[in-house]
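Listed next: structures, encoded as structure tokens.
Heads up, the next two complexes both have subunit A, just with different partners, subunit B and then subunit C.
Presenting the complex of A and B:
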């Protein structure tokens, strides 16, 4: 079992073009560390000063982690993590 | 109800219960029917509020030209208000929006400048900001950063809900400009702080996120994270599924973004049921389904319908 991570178009240079990769960990922070081990350079694009970058949104099972404990949000096998750039609506 | 003019009839929308979709007698869903506004969407509130504020500040006078980046509904509302107040309207609108939006804008007399599909509304904002710099005599109301957008919901939508349903426990709205959630959120933080504010954000196809780099992302200037309590990302499959349930179970014919909002409302309702809490959850019906008939969202299988929405700005 693993955690499915969906990678946005602009970050697929780090994943050899893969739109979905597998990763692991008990929290989002650990999961991103595992991503960095497998896809060097990706962490710096997601994290700045130990926080999610302003124009990056990370969702665990469709819920924005900024409201569920941030990088300490727990994750488990079978969860889906989606990474997306922030876009406008309206 | 009687009003002096169409503009005076904005707001004061019905709040209706959902006897079938509510999960239990203790966890109830309520729909705020914003499609009952004059041009058929919640954006009439923001558009009127922004125009009235610009008039009060002396920015607009008869014959003025208004410029606005919009994926549709705000433009349609502004076009109605502008035509009644004697202003010209130019909308910068992404190409990947439904044909009905173009038809309605044109009908109400607006001019449309298309912006590239890739990048969605981010591109429309960028193009509009450039045009505003080139045409200093045009007035850009700028819904993403104009406090009058959120104020419309602080003085209207929020108080209406509290008056109709004093026992309200949750408010669920769509996240676009963030105006609805910021205005209603601020109202409840001040007047009934235990009300939880839940955001439903549409998740589009990849084309819409086709930015050149992450620094080109966009967070509306109005957005204040402290005014909401949770935020759900909802894809087209769930949005279409819910919008069809809303018609089948409750007879409410809503636009696709309302399906996303209902999906978040039902997720919240399930949490309340599991926790054994009672709840009165109000969600926004942002507009009716009329403008989206051409997208095919209401026919064929869910997979077919959500595939057709890929790449479209459906909310």
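Presenting the complex of A and C:
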């Protein structure tokens, strides 16, 4: 088993167009490092100054990680991670 | 070019008027690849602001899950400007995250929230580049448009 990561349209350029990829790690931070190893360049689109970017949402099993410990949120095999860009503007 | 049916077009304007002076926002979903906006989903502006809009993060996840379940994508992402023209702001351009969507802006400035004509314009926003496009409002989508949609 692995951790399923759902990739939004705008980041699929990093995943050869794949909507869903597998990754691993014990925390969201580790999972993103693994994603970066497999899909170079994606990390910079997710993280800024060691925090999740303000207009990127990451969910572990439907919970926004901002409310569950941020990048330290634990993940395990069988979990589902969803990445969605905020829909926002001025 | 954006093709949109009259009912959906009018519903977007009604939503913008209802939420004035705050910005209104939402999505019109449609079958993947169809380019036909068919299912209006008005969203709550979690920012509740006259100068900013943002979908609530929980609502956002539910919206994308629903679209996934229905084999849909966001054909239109819309929001209103309540005191400026219906043209994407710098923030709109920086945060545009759906390169395949039509970005619709409506303006309720100058009393347009009360009645009269409302600016309703559509844009593509890709890699920071804004391209305005024609808006074609139709009574209903033609059989040809619909059958093409069903094939997907």
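Simple rule for what comes next: the second predicted complex is superposed on the first by the 87 of 90 C-alpha atoms of A that agree within 3 Å, B and C clash if a C-alpha of one lies under 4 Å from a C-alpha of the other, contacts with A are read in each partner's own complex, and residues count from 1 in each chain.
Heads up, the rule we're going with is that a residue touches a chain if its C-beta (ideal position, glycine included) is under 8 Å from a C-beta of that chain, and two chains touch if they have at least 3 such contacts.
Being a predicted model, the structure only gives us computed values, none of them experimental.
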Touching partner for A:45 - first (subunit B), second (subunit C), both, neither: first
Subunit B versus subunit C as contact partner of A:12, first or second or both or neither: neither
Which of subunit B and subunit C A:68 touches, first, second, both or neither: first
Subunit B versus subunit C as contact partner of A:53, first or second or both or neither: first
Per-residue touch tally on subunit A - higher for subunit B or for subunit C: B
Contacts on subunit A seen with subunit B and repeated with subunit C across the two complexes: 8-10, 55, 57, 59, 62, 64, 66, 82, 84-90
Residue ranges of subunit A in contact with subunit C within the complex: 8-10, 55, 57, 59, 62, 64, 66, 82, 84-90
Subunit B contact footprint on subunit A (complex, rising order): 8-10, 45, 53-57, 59, 62-64, 66-68, 82, 84-90
In the complex with subunit A, residue positions of subunit C that touch it: 25, 27, 43, 47, 51-55, 57-58, 60-61, 64, 73, 77, 79, 88-92, 95-100
Residue ranges of subunit B in contact with subunit A within the complex: 69-71, 73-74, 119-122, 124-125, 143-144, 174-177, 179, 199, 201-204, 206, 208-220, 225, 228-234, 267, 315
